[in-house]
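Lettered A, B, C and D in written order, each chain numbered from 1.
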Amino acid sequence: MPGNTFGHSFRITTWGESHGSAVGVVVDGVPAGLKLSESDVQKELDRRRPGQSEVSTPRSESDTVEILSGVFEGITTGTPISMLVRNRNANPGAYDYIRNIPRPGHADLFYTEKYGFRDHRGGGRSSGRETIGRVAGGAIAKKLLMSFGIEVFAHVIELGGVKAGPVTVEDILNNVEKTVVRCADLNAAELMLEKVRLARDEGDSIGGIVEIIATGVPAGLGEPVFGKLDADIAGGLMSIGAVKGVEIGAGFECARMKGSQMNDAFVMKDGQVVPGSNNAGGVIGGLSTGLPLTCRIAVKPTPSISKSQKSVDMAAMGEIDIEIHGRHDPTIPPRMVPVAESMLALVLADHMIRSGRMNPEYLLE
Amino acid sequence: MPGNTFGHSFRITTWGESHGSAVGVVVDGVPAGLKLSESDVQKELDRRRPGQSEVSTPRSESDTVEILSGVFEGITTGTPISMLVRNRNANPGAYDYIRNIPRPGHADLFYTEKYGFRDHRGGGRSSGRETIGRVAGGAIAKKLLMSFGIEVFAHVIELGGVKAGPVTVEDILNNVEKTVVRCADLNAAELMLEKVRLARDEGDSIGGIVEIIATGVPAGLGEPVFGKLDADIAGGLMSIGAVKGVEIGAGFECARMKGSQMNDAFVMKDGQVVPGSNNAGGVIGGLSTGLPLTCRIAVKPTPSISKSQKSVDMAAMGEIDIEIHGRHDPTIPPRMVPVAESMLALVLADHMIRSGRMNPEYLLE
Amino acid sequence: MPGNTFGHSFRITTWGESHGSAVGVVVDGVPAGLKLSESDVQKELDRRRPGQSEVSTPRSESDTVEILSGVFEGITTGTPISMLVRNRNANPGAYDYIRNIPRPGHADLFYTEKYGFRDHRGGGRSSGRETIGRVAGGAIAKKLLMSFGIEVFAHVIELGGVKAGPVTVEDILNNVEKTVVRCADLNAAELMLEKVRLARDEGDSIGGIVEIIATGVPAGLGEPVFGKLDADIAGGLMSIGAVKGVEIGAGFECARMKGSQMNDAFVMKDGQVVPGSNNAGGVIGGLSTGLPLTCRIAVKPTPSISKSQKSVDMAAMGEIDIEIHGRHDPTIPPRMVPVAESMLALVLADHMIRSGRMNPEYLLE
Amino acid sequence: MPGNTFGHSFRITTWGESHGSAVGVVVDGVPAGLKLSESDVQKELDRRRPGQSEVSTPRSESDTVEILSGVFEGITTGTPISMLVRNRNANPGAYDYIRNIPRPGHADLFYTEKYGFRDHRGGGRSSGRETIGRVAGGAIAKKLLMSFGIEVFAHVIELGGVKAGPVTVEDILNNVEKTVVRCADLNAAELMLEKVRLARDEGDSIGGIVEIIATGVPAGLGEPVFGKLDADIAGGLMSIGAVKGVEIGAGFECARMKGSQMNDAFVMKDGQVVPGSNNAGGVIGGLSTGLPLTCRIAVKPTPSISKSQKSVDMAAMGEIDIEIHGRHDPTIPPRMVPVAESMLALVLADHMIRSGRMNPEYLLE
């Protein structure tokens, strides 16, 4: 069954393989009347693209986006927006040696078990390159949300065992792009970078945690009981490759809390009733509370490592040792930042329209 | 937008309020030819129903299910199965005092912000009583899966800060119903029970962690890139009230692991290529690996507590203190066990059909 | 794959068999704040129920509806509305003789080919009794639409070869319930009634055409290019049993027209640009034009007839003659009127919400 | 709400405007293992493309397709197939004169009413050029169906009032591409062609009827009660621009038939129980019967005509006369043939997978 479409009222359909001719996305449900240019999308793709720093793969791609439809005279028309990014630095031949050898931690074997065979070139569809469509679609979602005062941003809060100290929203907005590891605590960022270098030099990789925050979200978003806001967020974030856990607000810590500690008491503020604290992370009963949405994802270490690993040659049906050489990231969380932001933005744009808070057809002036 | 339907090929639509006349579910997409009786469903509802032990609310409901359609001469026909449970011990008047006072940790305020007003009787639709439809639908999913050798079960692994020790699948199957806290480590179960009593006596509540496992799942289930198996599991589990986190396999621990530790090497076993370990928790790249699916959810402490809390009287628009008396569970995880099993079973039944591994129309003999 | 749900933003899920214990519907997506009582629904069910006149089956059912959820203190809450109608006059034994004999013109054989076996009691799910859920859901859609000035009504324009003369909207509103054939041209109605009696006396049945109209529909409803308003109308109307054709506006007559005849020229009216004629039937390019929506459906003669017909005994695998005795309508179009209205109302309520013209969460005052 | 996706298990998402840079489609849900090349798609696009004969617009487009993803080494991989066709002969400036003048019979005015403004270049998204995505997706559906012995074809049976005589399936397969009007009755085709020339010379246009047939369809396809096969066919065909009516089997003629005439009696044939006639057109109760699917669509005359028509200048808000010069088809049905075939093929491919008759993941050998 088709699985490449995400969202209900604001909806993306992504396509493309790592070493095919292109990757892209169709975004359907964008309200008419939004100013949109390729540079709005390009700036987010530039944050995701490979080769930007020493913590990312050296594959060299400009990831230049072309908008093919849905925009007329610089304004969205309400019709689907198709976007295309050509793969320029594909090198499919580099993967010939793994045609019959599933890489540990990768989906190679399971694509074969599902589809009968697989496109073995760099993971094909299961490559991280698939996220270009998410980021291009997310860029439009973000621009839409901004016009309603909603801002989405993310930062690395743990990498290779190094935890960031507490940071403010301002720290995140100011600092996160100052360091290649995208950690807003600049001291921790230095230590994280050391961990990345160490892992890379060992031919190994490290995991981490990314926190994603949305501010300005109105109360009441979410569709109980299965389209709850947190359910859609969890599904969206878990759909990103390498994510193994999602938590919201106090998250797993709530298992050790009492009701009297966890509950956010209500207070009056500016004539409104609001929660006085945010252990809920901005969602209760599947509905947004009006406080910042706060979620965290666990990102596993990059499965591609040059250290020797055990696998099986499926042609010979014998166990062998494999070293994954070539181009890969020693750690994923820094490049995950724009991808995770995109998924949260896509969920929020969808729910803004679903709730009637954003007109599905055209933006009011 | 409607949010009360879950699943694509095996699909439930639930309805009903805590103190309305009934709750229920329509299950659509059940293949024809499955033997099904009310007792198949009742036995799961009995595990979820209130009043079963000292760790659950004293509300007295038999939760007797009636199957209204879709079954003919004891066999499913392929048409939708409608199931109904009457509310017998509803006591709506008991909630008059909170008509204007949102309870901390509950969705009361946010339903009002979403819909303009709310059914204040015991949480209305946001009550845990909503999960009856999930469990009734899940009972059918479980029976279907069993006929394909797939078994789903859950157990409490942490409660009020007490962690269970390591247990085997056999421990879980043998022990979990021996103790009211549904922990397979019977020593830990004793300590957990003490924590529950203590919290109850203090007028407080405690949180915990539930682990859900599915064995016998074939490799290759899941629909990349947005209908990945883990994405659907995360969305389904997070849609249960009180869940604040979901993790799969190593989960959040993967943030502290290296690729060489996290990757599950491939080995030959019985002529098959399989992962030799299960840090992935049975899913890689969004596809099942053939190893047991292993997920955990963080369950917050029951928000209804009799300890005094701050809230606001929305009629007077003034802050007040509130004590939630009446019938509620001092802790949720033990009763969450059949609910969480149901959500995982629903996702798996859906993906079995979506993948073509289970005929959507009738069961082959 | 599940097929018992209709609509996107206003959505019904129907269930139930002709001779099971009950039939019903869950309506999800009804905005909060609508006044709703069982009598709003009952009055539409009364128009559909059997036994109301000599042109309908003598099966005696009061079709009394019970609203089980989603309404609190007489107002919709935004949560799903579950409605139940018990089958009182079921007589499953009366169908034993056709357990192995598919009735010509019925779905009996094809349900068996799809599901491996079938509920043979009066057609099971393929019975016209299935439309109770449509009408109950449609009653809510109609009430919603009325609050936006949209009215939906239908009338029989051809029956047994007798065509009604031209009628006005007022004729329809005034006359259609005055005659058991539901034709607004009262002279034609008399002739139609004669045709029904004649067919019934011959043990035969007759077909006809129903026209469905919606007034007050704003311009711009519809979601190009696959969710066009006329596409959704055609799909909805064709999903009703016995319908073999759907046309809109000039319909099949447009095949004989020239562009200069078919095109509706634009004129100024009350300061608005509108089509000066309505050959389009209120939809162009899949979008409503602001003029009355006008569609017609071809309804085949009732397949159950007492005249002898050829069929096959599937136990003996031999050809036999069969006479369908018992309770059935000699013609369907008069009872189709409320069903067809319901389907159009469901499509329009859905599109009103999808377009942002009706708030999906609560009605503005 | 997004409307550019069609199908559930076999699903297309189309995009693009008439005078934008490109048009295209993403096809999701194609089983892995199908041989597919651009020429499979191109041959169908060539049947649809403009400029092929005197009955089509002179706009010169090669409509060359590029497959961007989802095919590896000539075989589909199970991942989404993205296809792109560049617009080469766009001439947006030619439409400046209608920027403020809605063309009668076109959607111009209603797009403006829906979205607040419109892409006025040749109809933008409401252009017939939008059907390229349908035909490209339909080409894949057809190829899939062929491997299961299902063939879909269409022919013009009425044009400008000229009706074709009865033809056999062989006539259609042999003759339909022999004449530019795509009528299998070659004598009638001559008369039709005269009608087209006459209309064109008058600056007018003519309508017609297209019949679409599918042979080899197994019994039991369709998902009662809303995803019935005929409901999905009706919705799919009515979603094509210019279609004003859909009928199946006896269609509107059934209104004049008796049950004893309309019912298809069952007979034994080759050891199978089958309908002995096909008034049903291959669908009863929403399920395929195993006999040929037979549907007809009414196609209105091209709305673009050079004869003078009344419209309104929306800048000046005054009524004016308008003549639509430039490139347009004098009649649509001949070019509708491959489009209508595509929609039927898409519905059938979808239902083959939904029913379990075609593996959703990979083709069995």
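One rule holds in what follows: contacts are C-beta pairs under 8 Å (C-beta built on N, C-alpha and C of every residue); 3 or more make two chains touch, one makes a residue touch a chain.
Quantities reported herein were computed from a predicted structural model and do not represent experimental measurements.
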Ask   = Can you name the chains that touch chain B as well as chain C?
value = A, D
Message = Going by average Cα coordinates, which chain is farthest removed from chain B?
response = D
Request  = For chain B and chain D, let me know how many angstrom lie between their CA-based centres, rounded off.
outcome  = 46
Cα-centroid distance, chain C relative to chain D, in whole angstrom = 27
Task = For chain D, write out the residues touching at least two other chains, lowest number first.
result = 1-5, 8-9, 14, 79, 114, 125, 220, 224, 354-355, 360-361
Query = Of all residues in chain D, which touch chain B in the complex?
reply = 8, 79, 220, 224, 354-356, 359-361
Inquiry  = Looking at the complex, which residues from chain D come into contact with chain C?
reply    = 1-6, 8-9, 14, 102, 104-107, 109-111, 113-114, 125-126, 130, 158-161, 199, 204-209, 219-228, 230-239, 241, 244-268, 271, 273, 275-276, 280-281, 284-290, 298-305, 307, 309-312, 314, 317-319, 354-355
Complex contacts: residues of chain C adjacent to chain B = 1-5, 8-11, 13-17, 20-24, 26, 28-29, 32-33, 66, 68-70, 72, 75, 77-82, 84, 111, 114-119, 121, 124-125, 353, 360-362
